[in-house]
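Should a chain be cited, it is by its letter among A, B and C, assigned in written order, with residues numbered from 1 in that chain.
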Amino acid sequence: MKSHTEYLTMHVPSRRGFVNLTPEVERVLRDSGVREGLILVNAMHITASVFINDNESGLHHDYEVWLERLAPHAPTDHYRHNDTGEDNADAHLKRQVMGREVVVAVTKGKLDFGPWEQIFYGEFDGRRKKRVLVKVIGE
Amino acid sequence: MKSHTEYLTMHVPSRRGFVNLTPEVERVLRDSGVREGLILVNAMHITASVFINDNESGLHHDYEVWLERLAPHAPTDHYRHNDTGEDNADAHLKRQVMGREVVVAVTKGKLDFGPWEQIFYGEFDGRRKKRVLVKVIGE
Amino acid sequence: MKSHTEYLTMHVPSRRGFVNLTPEVERVLRDSGVREGLILVNAMHITASVFINDNESGLHHDYEVWLERLAPHAPTDHYRHNDTGEDNADAHLKRQVMGREVVVAVTKGKLDFGPWEQIFYGEFDGRRKKRVLVKVIGE
């Protein structure tokens, strides 16, 4: 069994934003030499997400509006987590809706994807450096 | 390490619906010959879900009502994604709540499940052919 | 390829609660002898969750309030699932928001975690014994 691990550095300049990770994940997969196996891509921070959906800016706008409705940022004193001095309780909630990680099949050396699947990083408390882990296992 | 990949064809005749995939996933697992490992089951489309929950029609009704409350289909012009000519923005949101994929342990050649766990395909934009990927790795 | 499977017994005395599984998962990983691979941790029950987030009691309070807003327990006759004699339909919904499982990278014999990542069991229909599965594969 082969395994290969890399850490991608993320730096979203705004509080919230989406970044398409697919090209970088494909590059890691090529470097791993794995032809058949699984690839795990996860946020290493608990106010961010890795998820798979469409590379379409209108949809990303809809996610932003929808997540803000499900888990509003303000009033920040509505959340007990923010009593610790943070103002990011909503980010911990939003990340649960979108998910921490994806596991993708690797077949014949490629991400075994449907036609519209793309891997995104979802930032909900940005303006600082964070990391994404990519781990490939297989043969 | 063994690996085995299959693609299941789904065709839900209505916009939304749930299909129990467990018997097909068990069949794929048997065909793989894997006794110890992991099995990944994921939607290959971004308006559909694979999730694990109860095979109980009342609950499926509750999911339908609840998801429609969290992410309503109409008014469709409420969503910027639908400016592209689609009317399925809500399906992209519903799928995030329910999830894209499940990873299940394979132990002694079986899905290592609790007593009520069943694998479902959740369709949120049906009336067309879609695919589910099943990948087994292990020994 | 090595594999190692254990079942953790959970017994949350209240209807809902969160339990930090990280020390037990680390112990299972050490016992497995796996240095490079993946570890799967999942609820074996469909009214419970395994998720990764912060070990902070204010945040856990916020999750409790938020999930009760998204999927209220009462009125219990609002849910068709409860026509079966159950009163736990809301627990099946809450678990979908929080997720069934996590897959974590194992690197150099450790959980390959960011600084604040901790693995939690989320109980939404407790006061009885349940199980969590931990499976490690790798080398």
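As a convention for this text, a residue touches a chain if its C-beta (ideal position, glycine included) is under 8 Å from a C-beta of that chain, and two chains touch if they have at least 3 such contacts.
All values reported here derive from a predicted model rather than from experimental measurement.
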Interface numbering overlap (same over half, different under half) for subunit B and subunit C: different
Superposing rotation of subunit A relative to subunit C, computed on C-alpha atoms, to nearest 5°: 120
Inter-centroid spacing, subunit C versus subunit B (mean Cα positions, whole Å): 20
Where subunit B touches two or more other chains, by residue: 1, 38, 70, 97, 99, 103, 137
List of subunit C residues in touch with subunit B within their complex: 1, 3, 5, 38, 40, 42-46, 70-71, 79-84, 89, 92-93, 95-97, 99-101, 103, 130-131, 133, 135, 137
Contact footprint of subunit C on subunit B as seen in their complex: 1, 36-38, 51-54, 56-59, 61-63, 66, 70, 97-99, 102-105, 107, 112-117, 137-139
